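A, B, C, D and E are the chain letters, set down in written order, and residue numbers restart from 1 in every chain.
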Amino acid sequence: MAMLEVKDLQVYYGMIHAIKGVSFHVNEGEIIALIGANGAGKTTILHTITGLLTPKGGQVMFEGKDITKTPAHKIVELGMAHVPEGRRVFAQLSVYQNLKMGAYTRSDKNEIEESLEMVYKRFPRLEERKNQMAGTLSGGEQQMLAMGRALMSKPRIILMDEPSMGLSPILVNEIFDIIQSVSASGTTVLLVEQNAKKALAIADRAYVLETGKISLDGNAKDLLNDDSIKKAYLGE
Amino acid sequence: MNTMRTKTAKQNAITYGIVIIGFLIMQIISATGHMSSSLSGLLIPFCYYVILAVSLNLVVGILGELSLGHAGFMCVGAFSSVFFTKCMENVITNSLVRFIIALIIGALVAAVFGILIGIPVLRLKGDYLAIVTLAFGEIIKNLVNVLFIGKDSHGLHFSMKDTLSLGMEPDGQVIVNGPQGITGIPKDSTFVIGVVLVLITLFIVLRLINSRDGRAIQSIRDNRIAAESIGINVTKYKLMAFSVSAGLAGIGGALYAHNLSTLSATPKNFGYNMSIMILVYVVLGGIGNIRGSVIAPIVLNLVLDYFLRKLQMLGSNPVLQFLSDNRMLVYAIVLIVIMLFSWSPKMIEWRERVFHKNAKEEA
Amino acid sequence: MAMLEVKNLGISFGGLRAVNGFHVTIEKNQLYGLIGPNGAGKTTVFNLLTGVYKPDAGSILLDGKDITGESDIEISKAGIARTFQNIRLFSKMSVLDNVKVGMHNHHEYSALAGIFHTPKYKKEEALMDEKAMELLKVFDLADMAETNAANLPYGKQRRLEIARALATDPKLLLLDEPAAGMNPKETGELMDMIRFVRDEFDMTILLIEHDMKLVSGICEKLTMLNFGEVLAEGTTSEVLNDPQVITAYLGE
Amino acid sequence: DDTFKIGGIGPITGGAAVYGQAVMNASQMAADDINAAGGINGYQIEFNFQDDEHDAEKSVNAYNTLKDWGMQMLLGTVTSTPCTAVEGEASNDNMFLLTPSGSAVESISGDNAFRVCFSDPNQGTASAQYIGENKLAEKVAVIYNSSDVYSTGIYNNFVTESANQPFEIVSAEAFTEDSKTDFSVQLQKAKDAGADMVFLPIYYTEASLILTQAAGMDYAPTFFGCDGLDGLLAVEGFDTSLAEGVMLLTPFAADADDEQTKAFVSAYEEKYGETPIQFAADAYDGMYIIKTAAEKAGITPDMDASAICDALKAAMTEITYDGLTGSGMTWSADGEPNKEPKAVVIKDGAYTAM
Amino acid sequence: MSFLNYLISGISLGSVYAIIALGYTMVYGIAKMLNFAHGDVIMVGAYVVFYSTAAGMPAIPAVLLSVVICTVLGMVIEAVAYRPLRSAASPLAVLITAIGVSYLLQNLALLFWSSNTKSFTSVVKIPALKVAGLNISGETMVTILACIVIVVGLTLFINKTKPGQAMLAVSEDKGAAQLMGINVNATIALTFAIGSGLAATAGVLLCSAYPSLTPYTGSMPGIKAFVAAVFGGIGSIPGAMIGGILLGIIEIFGKAYISSQMADAIVFAVLIVVLLVKPTGLLGKQIQEKV
């Protein structure tokens, strides 16, 4: 059984039909990439999965349970984390407070402390800046914080919306390494990326989204070599 | 571009049209002898409330700053214009000429206050600004209440204490009498003048919005940092919006003041309650929607001061009696319901769906 | 004479020396890149150049004119325009109006002229409309002129921001991560557009970017910033092959 | 039509609602009583009361609504500023106006307008004279509401008249509608100035606070007020021992023991569940004054408002009326009543004539 | 001597403003909305105590009852009138609704309890402290004590407890807070519950110190407390207390040493001057937007 399954999703913004019947699934332990042009609806899908948006039609199943109508905060408790587009860090809280907020659903102090150590190890810059107000961090620093914050909930599946956006090349590589290591440590990953090449390189399978519909899907490595993908998303 | 400009022009023409048609309807009602006293008594209030709402919308909707002190500008305009009228009552006997000068004085003095209050505005944002405008309105109200001005053969006498300290000759006449304000004001406001002033206000505001300066003001609203980066002088345009809005509110105040025989500053008419009332018009009509600011005050005043009052006359039905005795209660409930209905995202979606469905069925 | 000459620029935030001893010389019509790790101070340099922050050291010469410490308005008038790392459009205004606000200081008429629609108003507005539409055509936005900026898809918003910056008729255009959030294909189109702008408008451009394909593809010279200081500068290939740059920034 | 249509206007919502409601209730009661006893000249009265929220503009709206309804006489308005505004309209229309409680001079500026209560200057002057003649104090402090017409009106004339009286005003401090919770400064100043009397030309709500606060600071001068203080003893929950010794010049006291007052008070209490304040008495009298004048003038409901006004104007100066708020009341053509103020002192929790 | 007396009066008045401002700033800081009805909840709280003590209930249970009723009232208002508008296109929508709620409460009170002034019997039985001619009333001492307890309590609550942390997150970004697993609706409801509970307390203390109760009793102190909250820095809990007390002192000193007629103008003028010097209030955080 798939860990996360989306069935015939229909999402509207007022009259705008943004998602027109999207279905896909994510198996436990996989890295799934969701790629597509600007405005294709990737962010909308993630928002719908984590309950920030309510779909007009279709279903979201998580570990066999229908979570279509489950409120966002309950979904987090089920073990799903979401690194939102545009980082959405708590600008007036310190880096440390932001990270603690990520562990909101957890109660064991020692385990939280452990996760904090783990995050600091992955992102040493965050430890250096732990008392700085998050709003004054540079763009890249904020991205790291958003990721670190999501990891603090010790999720079984993590949804990432363009985590490499605005990062320096070295960090982009690092982020993809981190995604792989997060995956290796047993967390399932649903990855939305503009950097299709890198995303496909680490993903198991991928879906291509075009104006609210899945236009293509398959093994990530195969898609990497697909001519139409190369032309449309890899700029080759 | 050109299509866009014609579109705006068309939209604006509709707004003027609404005013003119409304005016004509009233004239017809009146000419055919169907005009009731209560309706005719509301005509001038319609005009000044529209002027006040439209001018406040310039600050709230176009500049994007919350002002809770609009009644203060109205107050300044009212008192300065009436003061002029009272001083000149026997000098300029043509009431139209005198009233036009009074209106101009009201507008100018209020605009000067607009600039004065605009200066702190430059440093403040959001709620802090709202509080300062509120404070400003309350200061004006307080000062006017302790202002005594008298006139005798030696000229004008001022006091901030009481009439006695004016130290006037026995022949002296107290013009501004503290909380009692000014009494015996000639009734210079007429519906025709009111409508003309509404049209002038609309003309100024609509054209300002669609000009270079209006765009600059809106750009500050949408993103101050970006506006600065393209060389917009934020100071200048904030002041411009505030002073134009204040000046127009001053006109509204002058129209208000010359409609009643007595003028005094009470919490009801020039306190924050009034500022909030005008804000209610603006929000109900739509923030930044000038046409809405024309319609909302009229509808709301009609409901509150016409229909609800008339209810009682319909017969001795206890429900109607209750409703008319509790106008403010009805108003509160209606206000909440309207707000929920027109602003709640769920309701908007629902309305859109229903509306859309109907449209589809028709098509 | 260089279009932009910056010497020894610096600023601190609290205890943090965000930019220190920054210098750069950009010739007219050059396409210049500013790179560096996250938090190195690149955006801060832009903020210093455009007057958002006042430098506590150093000098800025634009086309020979000293603009150090000037207000953002003066600097905009002097001829520096920019885009923002996080898009800052006038979201409730139409696409066309966004560009027309950009021309604010070039097509002037008084408020009264605006209210009474004097011939001057009509002339200037017509001119502005015309110029703005041309710009929008360049950026493939003409058909959306009447849309609210907020309703544009992301990629178009980025382009509108550039169009708006160009509307101020600048001598120097600063682009802060213009390709962020774009896929490689879209980035490719953006590169063409930047080149086009440089050629067509005879523009000098300084850009911040993390996308090395864009940087190596269009920049002629680069400065690499690290911890607020210049670590390397020179032609694009020199800098990108600098071992220090590779370890601190590029990786691999 | 065979009924007289009498309108009333006053605040029944907003901060001044307590006055408007008293007037509304008492006038309705008077109208009912008159109707039960056969009406005016054999015709029944229809009474309609409109809310004005204590605002001049709303008051004029209310007036216009009543005109549409067919109002022939106006018993109103309750508060001074709105009354002045409505009087402007009424005098243009030649509509008969009798205000129960609008006490500003300007509130009855036209010849169509009369009032039941004393005017502010009248009360200010009378108070100063009373204090002076009875040698009640040597040093007087005043606490007044500088944002209120009634209060400043009395205050001004009290000060003017005090020049002719053997006492001295040692402090005069104001408060406003927006800061009327704390009176410690005003009281402290009075105390520091050695005032042995504090004159309170204000309403009883604030007076009850002043009395409480004075007690809290161990300051016990004589308090002297005007008709606005009436109602003090009726404040629910008020510790009336604080009001011991308070003197007031008022034409009405709810626990006076004349038959008329007693009957009125008990009827009112039964009907509305609360003790009537002086505004209610003014209004009750007002309705009966209209009746008296109407009968004198012999008006009938088929006359229009202007004709009724002309008839009543003349009749008003000819009648003498004995009521709750004065006996032997007469009116001059300028609309002012002639009646004797009664001075009362609060003793053992009750008003006692002095 | 009179200076000290004025100072004490100022602190007494100010402590009442402060306790109202605390509830205000709580809702304001977290839900980011100006709850214009706050002053009217205060009024309701005072009426509940008035009628329950009049019916023979002892003071403490009456106050508790009032806190419970106001807490429920606050939550109902939030759920019915404010929640549907939380994501409205303009924050002014909910401001106007709050004004509607304020009018509604006033007019319901008018309907049920009439406009007649009620004289409130103080629930504070502690006698005044009299030292060297100075007189500090029991109400003042209790109010100040209550303020301090509330400031400390709220600060601890927000910084040390999970719901408190949730409030911080919600105040910044409701969407992101949800992604942390925070129940935004519940958090805001809790904020209103606390704010309204504080309002009840404030109402009781306001009317104990200044015992006159009408349906409009809450509205002006509500506005003044709002001013005090801004004065102290919006959202800052100690700021609300300091702002309230300073406002009281300024009001009294203005009356005492400048002019009692112009006390309001003086208070507001001082406020404007302070905000000009410190645009985010006395203890407000200076928020700099990163470009």
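Definition applied: contacts are C-beta pairs under 8 Å (C-beta built on N, C-alpha and C of every residue); 3 or more make two chains touch, one makes a residue touch a chain.
Each chain and its UniProt protein: A, C = ABC transporter ATP-binding protein; B, E = Branched-chain amino acid ABC transporter permease.
Everything numeric in this text was worked out from a predicted model, so none of it was measured.
Here the chain-to-chain distance from subunit C to subunit D, counted in touching steps, is 2. Taking each chain's centre as the mean of its C-alpha atoms, the one that lies farthest from the centre of subunit C is D. Chain centres here are Cα means. That of subunit D falls 36 Å from that of subunit E. Distance between chain centres (mean CA atoms), subunit B to subunit C: 43 Å. If each chain is reduced to the centroid of its CA atoms, subunit A and subunit D end up 74 Å from each other. For the pair subunit A and subunit B, the distance between mean C-alpha positions equals 51 Å.
Residue numbers of subunit A whose C-beta contacts span two or more other chains: 136.
Those residues of subunit E in touch with two or more other chains are numbered 107, 110, 261, 264, 289, 291.
Contacts with at least two other chains are made by residues 43, 52, 84 of subunit C.
Per the touch definition, subunit C reaches subunit B in the complex via residues 50, 52, 72-73, 76-77, 81-82, 84, 88-94, 96-97, 100-102, 104-105, 107-109, 111, 113-117, 121, 124-125, 129-130, 132-133, 145-146, 164-165, 167-168. For subunit B in complex with subunit C, the residues that touch the partner chain are 1-5, 7, 203-204, 207-208, 210-216, 218-219, 221-223, 225-233, 240, 288. Taken together, the subunit D residues at the contact with subunit E in this complex read 12-15, 17-18, 21, 146, 173-176, 178-179, 181-182, 184-186, 188-189, 192, 204-206, 208-209, 212, 216-218, 234-239, 274.
On the side of subunit D, the complex with subunit B involves touching residues 12-15, 48, 50-51, 53-58, 60-65, 67-69, 80-81, 84-85, 87-89, 104, 106, 109, 146-149, 151-153, 155-156, 159-160, 174, 176-178.
In the complex of the two chains, the subunit B residues touching subunit A come out as 348-349, 352, 356.
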